[in-house]
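Here's the structure, in structure tokens; my notes come after.
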């Protein structure tokens, strides 16, 4: 796109740009407003949350109807300016993130009763939200760095919101991880800029594809992926995640586990698929797959051994991220075609399902914790039984985490296994199977507490503002994504004819 | 038949219990009436819809609901003669069991939870019955696992949670193996529906090794629920569940689902002739035979009435697998008709066991002296069920046994007669002593824990009538076996279609 | 070219040194300083790109990137130090394993 | 419409079973006294066999009733054989029913149970007679067999329970064998209503299974073990039908399902003949040394069944003998059924119907003597006529010595009857009131036995058989005199062989096997439980919560960092490995 | 979950042993890391060398410099910061805000330093106005020469630091409300300008050339204030006190021991 044509189609650009820009700017503005007017924070925050979610839906609809959107800010030459772009994958993740975000916002209304906590929460949360949307929609490598930092800072600050020693320790570690990781990423960006002189992902992609594969590409990729792998808590670099996620307040845990980690993963995926595909071969993907397998097994095992509910959920996140990495060797080994499309969609589907499910899980876990005063799994019996809706949310989210039908991750796992068998990499099937068994074990370790000799609950829902969002998210992860994942293919612009063989 | 109705009906049948089930969760615990209305509404509505379906399939109509959940992955609900057989069984028995359960749980806690899952359980079972491809089957198979888990754990005692965990460990592992098998198969075949006569016979010989491995996986997965030795360990453990649940597990849902799945795989996926060529049937028949004998032997050693019945189920359900494992329409008829016959007979027995426990506190065979005096009608129903299990004509069980025997001879597997003979002797060995105690031994001084109901009947009406009705059904199914619309007629219809006669 | 490599190469070395220091040294302050050294390393590399010979004006884009990077680094440093301070206030015993 | 009477023959007693059982739907169940007490006892049981009798009397031969919807396709009909069977069976059941209704005592709760079981067994017996297909036969056979178990153990005494156990095991074995035989038969012939012609190609396995399966019921040596235990243990009414009608169904089964007359099964036929001989040879001597009159009668039944097996074997081996042979067997079966039923009922009468020394007792004893003579085949009795009917077959046999053997057997039977009369005449009666109806029914039965030769037999048969019976009576008289004077000489012989004869030998063997099996099972069970416990413990440990923080080490920066840098290095190497070190 | 379980003696002994082991392990690991990182460093240097030896890659410089006249400023760096890549800058302000909010969320600020002596106070009263003045200059000069909002903001922040060092616990910052308003000013103005431009049809952050100069100045001014306030507030290290600063308790005012929000 030349500058002229950009100017010419400005009107159309504007219209298309609006939802993208709003999805990022609304929460940013909201953050500013809630900072400035702390008393009104919950009200303003909720309004902004609704608006942002609306913008995200608008974005998705726009991508659905018109295909990928590429928007150069400022009307400058694309190599010079920063671009926003929303393709199917970004739109899907934005939609998920914002729906989850909306639910978290509603939940937070009920969760943060003390005004000073709420005042701290809202601006940071909205900043985090802005960073997430910015990340998903970014088309510029350096802008991604800024977004990563914003995300990292906001997330660490939110995670430490309880102010306990554990929380601060864990989140300081998280902050440092984020910093070192994003600096490493930035180093990779700097190398790329050295070689190609541009930061726009699209331009870089064609430049890399046009060039011979060079060691510098390899070095840049290594640095960027290394940084992002740390941020996405890929085994064994997940060491920071469980304490940080487990010590955060429930809505924050939900956001961290469901969204923030996903953002880093999304970047790896983008780099891997969009930018560096020409220089990749199977072995590098296999390395990621192996680490993913380690994550699946170790994370699930640790979740099974965890004493506390939120720690369990955090380790479960480690495992779930591992599943996503299992797709890399399969994608590398599958030639373009319906099979690869299916794998890609399955990967996304698992990410989305995990987003919804984990958020729902953490929110429900938070509620249990609030109610019981603790979250030691072994002593949760009565509480779980007193809160049927919450337990139900845990169960639904849990079955999505396990990958039981009809959840979205079931479809994802089905296609994952199918891909593994088709490419002859059957060992991932073994990993997936073991992981599923372990996850079933840890989920039902929790659920079995709900069956005790405790008194009967009077009604299904006891605290609608807190319970309904969790339940809705869990329900989405199970029913909507599991039974109607077809549109995802359309959104991704993939050949929807399917066909396994 | 109206076209839109034809495409909706199977789906509606599944939903007819799922929706009321979901609503029941929301019902306040003390709203006894509302819950009962919802329960019965769902049960009766489903029965009516199934009635329409029976009529339609009899007329040779194709009923099929399809839902694309992802490209290439379709949820197919298809009504053929086989599905109708199983669906009708579950629906009829569900109605009766619902009435029974309402009476059984009259004063116990957590009824909304119970009945909610109860309805889901039946929805899943009917979904299994109507599943038109392996994917759909797997989905409902897993949902069934999930829906029954809370029922098994319902009592909340430590034994109950333990039993439920063991149940879950077995069934989830099984489900996973099934999943792997299904996925693997799909990579070879692409998306295929169940087709009468099977779909795999055209596969090239070099794939036969894989097909055998897949069969092993599928069989292992289905064998867990069908309680084929050595995968039966969960079944006696899950006897901690309330009696209606045991009835449901043993007669209608779980065990049957496994056996039904074996039938589906053998006939509609592999094709019985092809399976025989691969040598799979021989393995299956040996496994089934071992199970039949082993289950009976174990049953003889049990003093607990329900565990004895549980082992009896282990033994009896393998009749179905045995029927599937013998090449020839007659054996097929025997296996299929036993699907129904075992259901009504075993549910009668469990109802009765529940009545003894609930009315007299009698849980063990050794406590059953003289119960025939105190509860003659229940004991009469029990007698019918037990004699039917032994295979005494003209009760339904004989019909299955006859066709199995004849089918075995037809398939030139004369040794199966020996198995049938041994099974008959062993069944008599563990059932007749019960009858002897019940009818011929004097009453004890006092019952372990007698519960006086406000009724002139021997026990509460809601408890008394269900076993009496099912006992009558056992007799009718036997006495009118050759009449139109009898289970036997349906089984013959199915066999005719499977063998293309 | 030589100057460019010198500057950029120093950046690489700084980055690696900073990383080593960050990973090996336990005290928070040292870690934060190490992080800033790593950052400097990256900024060096970026600035080296901007160099276009002694005659041509430097490329302003990397300069701007570095400026932005510095502000981000300052912000992060501030937050990290506050965290550390908070921890020290809470527990004079040490810095845990952070 | 009269052919519906065929259906009524067995449906009617089944329908009666429910009211006869005295079960009530409503009651004060929590009260222990009233809960156990059933409704007033109504003697429905006496009426059970009426439609059957009516059918036998009224329906013309060849009446058919096809009910394809019933069970697995039911076909009922009346041919010569089944009519004869229906006639004597219904008569015996009627008489026994009258006895059961009015003669059997005991707790009224148990009476309801007895009546219901009695009627069920009756229904089964009648169903298998009127049913012409093998399903009907098997249903009836099974119903009869299972219900009889309840009749055998009705009294609940220790011998009754033991007898019941032996009966049940053997009856079930028999049923299982019959089941397999019928399955094979269906498979061999492709029909469930085989005519003799269909049966020509039966496989040896089928024939063997049919013989063995029905042989249990027939008291075929060595499958007779249950019979001398069960028949005496059952209450009188039940013994009468057990011995009078039920054991006869085995013959009916063989006639229907073996190719009698269609093809020469020489080996099988001769084997059956020899087994029949062996059965007689065993039953009579063992019977002679029994104490209990009912046991003696039971052995007599075994002996008689042996005779019939012998004849049937001949017919099987030589098709030319079949028409007469089968007819003879049926007639003999009828005769024996009536007489044996009468004898068993008579034992009950003798014991309870009247006081010692009364006229009635004398009359009863006389009637018993008459029945015994009839059974022995004395001239002018039904026995003579029946035996005469067997003559053509016996004399037509390839083996000439068969007639001699049969004659010896006749003598032996006479001796056995003499022994019975000896024992019964010394039985002490304990009279009970209200025996009018049983005695009346019994009298009718005796009258029928008396009329039998004139109704069924040919005139020349009336005076036949005098020689053998005469010899028998003579020997018996000598022995009786001897025994009266020197009781101590013969006394040790009595009770020498316990009832159930071979069972005494088999018993310990079975016990040892059982012991071994139990040990084995116990060991296996122990092993299994151990494995199970280990697995469960492991499982529970997995599910149980764990302590400790296993990632403490990993969270140390140097450790995590080394891993991180290592992974990055690996990635870099992997990426570089695929491109030349110097690009371009 | 937040309570710090008192450690028993056995634990302590175990900890000591573990610490010894850990120290040994750390030594080994630091050596390993050194080797690994040296190798990676050498590899990176090599790769970097190779990359520089390649034909000169495309550069944005000419393009960027060429378009400067249309940006409304003369300083190319400022053009990049506030025009070509204004979005980055906006987000960078957000990062600063995030840090500040994070610091505030940790609780009230620790006590300030001892009030300065007379000499220092006198110096401060001279230096601070100078700094503010210099900041203004920096802001203005950024349009055509090195300088701009960040530099200016940094100077303002430095002024705040000095004030706090001199003993004013609030670093000379206004009360809470004003502080909050000022610290978000940059983001607010920047974002609103961007959105307004979008609303007006120019596109997000697409300045019409005629207004560009003034809009940039507006944004820069707001940013300067915000940066200054944020840096100073960050240095204060805690939530601004609603009450007068002097009432803050000394010592451990900030060490909060209250349990977590979800615990109760």
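Note that the chains take the letters A, B, C, D and E in the order they are written out, and that residue 1 is the start of every chain.
Everything below uses one rule, namely that contacts are C-beta pairs under 8 Å (C-beta built on N, C-alpha and C of every residue); 3 or more make two chains touch, one makes a residue touch a chain.
Bear in mind that the values here come from a model prediction, so they are computed numbers and not experimental data.
**Q** Could you run down the chains that neighbour subunit A and subunit C together?
**A** Touching subunit A as well as subunit C, we find D, E.
**Q** Provide the labels of all chains in contact with subunit A and in contact with subunit D.
**A** Per touch definition, common to subunit A and subunit D: B, C, E.
**Q** Across the interfaces D-E and C-E, which one involves more C-beta pairs in contact?
**A** Between C-E and D-E, contacts are more numerous in C-E.
**Q** Just by CA atoms, which chain is the most central one?
**A** That would be chain B.
**Q** Going by the average position of its CA atoms, which chain sits the greatest distance from subunit E?
**A** The chain lying farthest from subunit E is D.
**Q** Mind checking the centre-to-centre distance between subunit A and subunit B? Centres are C-alpha means, answer in whole Å.
**A** It comes to 42 Å between the two C-alpha centres.
**Q** Go ahead and note the Å separation of the Cα centroids belonging to subunit C and subunit D.
**A** It comes to 100 Å between the two C-alpha centres.
**Q** At what distance in angstrom does the C-alpha mean of subunit E lie from that of subunit A?
**A** Between these chains, centre-to-centre, one finds 27 Å.
**Q** With chain centres taken as the means of their Cα atoms, state the distance from subunit B to subunit E in Å.
**A** Those two chain centres are 68 Å apart.
**Q** Which positions in subunit A touch two or more other chains at once?
**A** 80, 142, 146, 149, 153, 156-157, 160, 165, 168, 173, 191, 194, 197, 214-215, 218-219, 441
**Q** Scan subunit C for residues touching two or more other chains and write them down.
**A** Correct list: 8, 19, 22-24, 31, 45, 49, 61, 65, 68, 72, 75-76, 79, 83, 86, 90, 97.
**Q** Can you pull out the residues of subunit B that are in contact with at least two other chains?
**A** 165, 169
**Q** With touch defined as at the top, which chains are paired up in contact here?
**A** Once each pair is checked, the touching ones are A-B, A-C, A-D, A-E, B-D, C-D, C-E, D-E.
**Q** Quick one: which bits of subunit C touch subunit E in the complex? Just the residue numbers, please.
**A** So the residues of subunit C in touch with subunit E come to 1, 4-5, 8-9, 12-13, 16, 19-20, 23-24, 45, 49-50, 52, 56-61, 63-65, 67-68, 70-72, 74-76, 78-79, 82-83, 85-86, 89-90.
**Q** Can you list the residues on subunit D that touch subunit B in the complex?
**A** Interface residues on the subunit D side: 23-30, 32, 35-36, 68-73, 109, 113, 135, 138-139, 142-143, 146, 149-150, 153, 156, 168, 172-173, 175-177, 179-180, 183-184, 186-187, 205, 521, 525, 532, 536, 539-540, 543.
**Q** In the complex of these two chains, what residues of subunit D are touching subunit A?
**A** Contacts found on subunit D: 542-543, 545-547, 550-551, 554-555, 560, 563-564, 567-568, 570-572, 574-579, 581, 583-584.
**Q** Mind pulling up the subunit A residues that touch subunit C in the complex?
**A** Touching subunit C from subunit A are residues 80, 142, 145-146, 149, 152-153, 156-157, 160, 165, 168-169, 171-173, 175-176, 179-180, 183-184, 186-187, 190-191, 193-194, 197.
**Q** Over in the complex, which subunit E residues touch subunit C? Could you list them?
**A** Touching subunit C from subunit E are residues 26, 29-30, 33-34, 37-38, 40-41, 44-45, 48-49, 52-53, 59-61, 64-65, 76-77, 79-81, 84-85, 88-89, 92, 95-96, 98-100, 102-103, 106-107, 110, 150, 227, 231, 234-235, 237-238, 252, 254-255, 257.
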